[in-house]
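Please read through the structure below; I'll follow up with questions.
Think of it as A, B, C and D in the order they're written, each chain with its own count starting at 1.
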Amino acid sequence: MSIANIETKHEGGHHGFGVDEHGHFHHAHHFKDAHHQYESSKQGIWLFMVTEILMFGGLFVAYAIYKSLYAPIFHVGSSFLDVKWGSVNTVILITSSFTMALGIYYNQTNQFQKAVVSLALTILCALGFMGIKYIEYSHKIHDGLLPGKFFTNKEFPKKLSEYIKKMEPEDLSPQMKEIASNPKRLEKAAPLYFGFYFAMTGLHGLHVVIGACLIFWVMVKTHRRRFSSEYYTPVEGVGIFWHIVDLIWIYLFPLLYLVG
Amino acid sequence: MFTLTQAEQIQDAGEKNYLIHEKGLWSWLTTVDHKRIAIMYMIAVLTFFLIGGIFALLIRLELFTPGQTIVSPDTYNKFMTFHGAIMVFMVIIPAIPAIFGNFVLPIMLGAKDVAFPRLNLASWYIFMIGAILAASTLFLGGVDTGWTFYTPYSISTSTNVVLTVLGAFTMGMASILTGLNFVVTIHKLRAPGQTMSRIPLFVWAIYATSIIQILATPVLGITLLLIAAERILGVGIFDPTLGGDPVLFQHFFWFYSHPAVYIMVLPAMGIISELITTFSRKTIFGYTAIAYSSFAIAGVSFIVWGHHMYVSGQSEFAGKLFSVLTMLVGVPTAIKLFNWIATMYKGSIRLDAPMLYAIGFMFLFTIGGLTGIFLASLGMDVHFHDTYFVVAHFHYVMVGGTLMAFTGGLLYWFPKMFGKMTSDTLGRISWVFVFTGFNVTFFPQFILGAMGMPRRYYDYLPEYTSLNQISTVGSWLIGLGFVIVLIAIIKAFISGEKASANPWGGKTLEWKTASPPHYENFETTPVVTEGPYEYR
Amino acid sequence: MELVLNYSLYLISLICILVPFFGFGISPVLVVKGAIGIFLGNAYSQLVQGKILKNFIKEKKDSGNKTLTSILEPIQQKIDEIEDPSLVKMKKAEHDEHSHHVIPIPVYVGVLLVLLVGTAITVWIAQFDFGTWNTIIAMLVATIKASFVLGFFMHLKYDNMMNRVIFMSGFFFLLLLIAFSAADIFTRVNLIF
Amino acid sequence: MFSLHFTVLANTFMPVQGSEIAVDVDYHYAFLVISSLIAFIILIGGMTLFIVKYKRQTENDKTAYISHNHFLEFLWSFIPFLIVMGVFYWGKVIYDKHRTFPEKAEEIHVIAQKWAWEFKYKNGVSIESAKGEVLHIPVGKPVRFIISSRDVLHSFFIPGFRNKQDAIPGRFTSMWIEAKQEGEYQVFCAEYCGTGHSNMPARIRAVAPEAYVAWLEEKKANTPVDPNAGNEMAMKGASLYKELGCSGCHTVASDAPKLSGPSWVGLFGSKREFADGSSVVGDENYIRESILNPMAKIVKGYAGIMPPYVGRVSDEEIDNIIEYIKTLK
């Protein structure tokens, strides 16, 4: 069933396109052919991924700048994070990426039943990821390790000032020396790390939830046989979005948990 | 020559024209036709333009006399913020790309529609949600941070900043999606035979603008989200009391906002290329030079944002670095201006209303551009920063540039959009009022700035009174001018005479189809065999 | 001459973009002099471009010298493209006909293993303290993992060049943001009172 | 003749030239104005000439098919490039003068806060613009301002010296001036900072060096010794009164102009009526509650716009403020 012989018979201005009940794909009327539509949609998807990268990039740039300015705060702050849960989350997200890729593969080869199963697995991993996130967050809220004015943890400022006393003065950046000189300002600046932690993982968690909903929508359409080997762009688009979310976590995990 | 079988006299697409093809409000609200979406954007943008204009008049009225004239300082600050935010986010950024880009770009490319029609409708709805979110603060007590939301003031003020910020974020989302749509349309949906060097210069300008929209707006998105996080969670990234750095906020904000001013002016330059060639009946001078300079401006706009922060605690090295790069922006702009004037050489120029607005653009944009060089030089900006000199500069470039071109484009493409001619005399009268009113309003502000009157001042020293009064009178003239434009449009709707397919003798593709056009733009897809401005 | 115009503008803005990276070392005055120098050199070479370069390529084409022709081939192709763009379109049109590339499952499993091993390495290495090297190693391993995800899971390896360029442009503009913000923040004179 | 014309134009609209650098800035300004005028005349003059000369005669005139001219395009891209690089270099020279600080300069601390400036000399004398006091500086000697802010961004702008620098909370920035003749100069706040952004002016008077030293001594002599010198907590409360921004809305002197918040004078021990009709005698609990949760009791006749200070001020600091309020009779 090569693409060429799908004749484009459609009347009126309706924009309807997609796979009809016996698997024939009608491309949208303002494109030359199915391949043209596929190429255009892929380019549109990639352009949107650039905006995702730039949005999270803004946060990573701020993180990089503040980490080099206030290295001790970030170092002591990251010691409060639980690396075990972090690595479990990374493994979960990687497996979800794998099952997502399988979902696309099965759709490409018209094995819809397997595609629905792998997409369901991906959603399961996403929920698992959010569950672990819930555990980590409740643990932090319990300890009072929250950003800004909600910060009530006593142990963190103490550990931070000890750590700074141990460091040689020339390792500290001028801005850090200025803040370290006045204990009241140091105590106020300490929660900055958790400000970053909650901003970055919060925004990433939100994208995981959005990804899960999108995958659910695509899974339902696969179940209803809306896709075929000639037309699977939505699955691939959602797949690329999910891989971008995984990509961001691949960078987020070492930056926040390991190397802080 | 252009090989569409039907000749020039395609008068009317009959019942197939897009306005009457489907009936009823629901057909409009759920349309995926790029022409109808453009009309919906036009209605939204023109109403916000009216609201923003009223706030401008209120500001100028308050500044008529030193001390309290009509309102208290807090209300004045809210007027100033609303004027800025509405004009920037809701009027001038979406105006030309969303209205004329949506309507004319696909027809200029000979395409049936934009690449993703449903995404186009989705971005209109996202834009409206964002606009309603931000405009709702009008009734909930306003916001008084200025359109720049500088921290730590935007964090500590009690007015509802979070709502405005989320509104601006959503409108940014709509701007990204529109940019994305246009880039793919230009890449993939060009008519057969239409290579990249045969597309009109308006399409080149929209292409450069869309690239900036895609690459700059996400950083604004994250910055606005961080302001909301600061106010709700106290995240502390931009809050100096919690260890943050407000100057870093300015870096993030201006990384978007300077390319944003080029999102505003590049489409205007695209319209001017169209107007000048059509009304001089002469091929454009230096087609590749103008197309490449749009890209040069788009490229350089990403590395110059520091000239907004020369005196904001930025280091001296960064100040010099940004100053030398900002000077680079002047070169492509000068190239465009010289090329437009060279186009008029040996042309056959007719001063219709759209051409008058193009001439107005050339006049005012030259002054705006040259004063930009004043502000780019470090020696001058240390004195001029945050004074009325800056206010005058960016109004010359934004109102003198984008809004003059927008009105020119509106009068130029109105026959094509609605099939009715606007009355030429009303157009000329409106130009006289807008042009003179503009100069009377903003030229005195250059002098006020030189004399050292700071920006966003509710009250000023008595010695600045006379210039401020002249400026206020001027603002009434501009208001009158734009009201006359409105009257001309409404009059054209009611009793405008029938427009032919090509009333101005344009050579680009949109003049080859009926006006108002067929709902799929062309009966048969046109084949293009030569450049867009082939006047022999 | 037109090439003079736009190539020199590109070169100047390119130099100025790279200034923050080695800008700390050399002063802006040197950058401006360098830019003008390149501009004039470019202008001279373009002026000559018409005849000499083309003849040079024609001569060398059949000289059989493998490396030289491989260098000249893209230049020749570039000149053809500038002369008559539609000529190039024809050549490019047929070659990217099919792009629905289906990757077999074993490749996916392989990529999954690479990613899991990568995660294990990053976690394991984090225990030893190499000082600043810690961050560099972590970022290196993360980039390798990311390139695998990009290449295979997201089919970027089999995609056309335009999508790769689009995706990489995102990182380039992020680089601009961090370079110029750092150019300000780390060169500030800090007053301690 | 040209230099005369040049200088006349240089400072027609610019404020009085307070320093040598101001003169350089004005020459730079005059050069830019003239070169822009010339460029404007070339561009717009050329355009109007073409409009008049090539008016459209018939509907389809034949027009020349000129698509480009490389030499011309090279000219009008390279010459503006040289001009703007020249302008950059001249601007940089002036900027270097502004930003290289002379060694032995008179140091004055400038503290900006919501809607007033406070200047502190080395010998402890402090001048407050809210009280209408004028800052004195010596003529002919460099003066260096160390600028900081107590709440939001402000900007210390002196048009007479063509110089300004932002005041950033949590950080010190600096700038220097050198008056070349006696006179009085206006100071503005140039970075938007809310309601009182337009009425927080200050005045600087440049006086002869000897008069300056004499004035400083005389000012030092009769600065009222701080009444609660012995009372440690009240001293801290007084500095907190300024640091936390209470001074923006509450007055501490009976004669001070009324602000948007109730005055603290005589607050302790006096009856307070509230908007909802209830009333209470001012004591520690009422003050502590009004600091942490101001919306609980709003004094009659005042708007409830005070931001809550929960999490921003510690208990020990609240006690210091209460001690300070007790001393305000």
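We adopt the following convention: a contact is a pair of C-beta atoms (placed from the backbone, for glycine too) under 8 Å apart; a residue touches a chain by one contact, two chains touch by 3 or more.
These numbers were taken from a predicted model, which means no experiment stands behind them.
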Chain-chain pair with the highest tally of contacting C-beta pairs: B-D
Central chain (by mean CA position): B
Length of the line joining the C-alpha centres of subunit B and subunit C, rounded to whole Å: 33
Intercentroid distance (Cα basis), subunit C paired with subunit A, Å: 26
Whole-Å separation of chain centres (CA-atom averages), subunit C against subunit D: 45
Set of subunit A residues in contact with two or more other chains: 39, 43, 47, 50-51, 54, 57-58, 65, 69, 148-150, 178, 185
Shared-contact residues (touching 2 or more other chains) in subunit C: 2, 5, 9, 32, 162, 169-170, 173, 177, 181, 185, 192
Touching two or more other chains - residues of subunit D: 68, 73, 77, 85, 170-171, 173, 311-312
Residues of subunit A that touch subunit C when the two form their complex: 35, 38-39, 42-43, 46-47, 49-51, 53-54, 57-58, 60-61, 64-65, 68-69, 83, 87, 90-91, 94-95, 97-98, 100-102, 105, 108-109, 174-175, 177-178, 181, 229, 236, 239-240, 243, 246-247, 250-251, 253-255, 258-259
Residue ranges of subunit D in contact with subunit B within the complex: 13-15, 24-25, 28-29, 32, 36, 39-40, 43-44, 46-47, 50-51, 54-57, 59-69, 72-73, 76-77, 80-81, 84-85, 87-88, 90-96, 98-99, 151-153, 155, 157, 159, 162-166, 168-171, 173, 186, 188-199, 305, 307, 311-312
Residue ranges of subunit B touching subunit D (in the complex, touch as defined): 73-74, 77, 144-146, 150, 152-153, 156-158, 234, 240-241, 243, 246-247, 280-289, 310-313, 316, 319-320, 323-324, 327-328, 330-331, 334-335, 337-339, 341-342, 344-351, 359, 362-363, 366-367, 370-371, 373-374, 376-383, 385-387, 447, 450-452, 454-461, 505, 535-536
Footprint of subunit C on subunit B - complex, ascending: 187, 195-197, 215, 219, 245, 247-248, 251-252, 255, 288-289, 292, 296, 299-300, 302-303, 305-306, 309, 313-318, 320-322, 324-325, 328, 331-332
Subunit C residues within the subunit D interface of the complex: 1-2, 4-5, 9, 32, 39, 43, 191-193
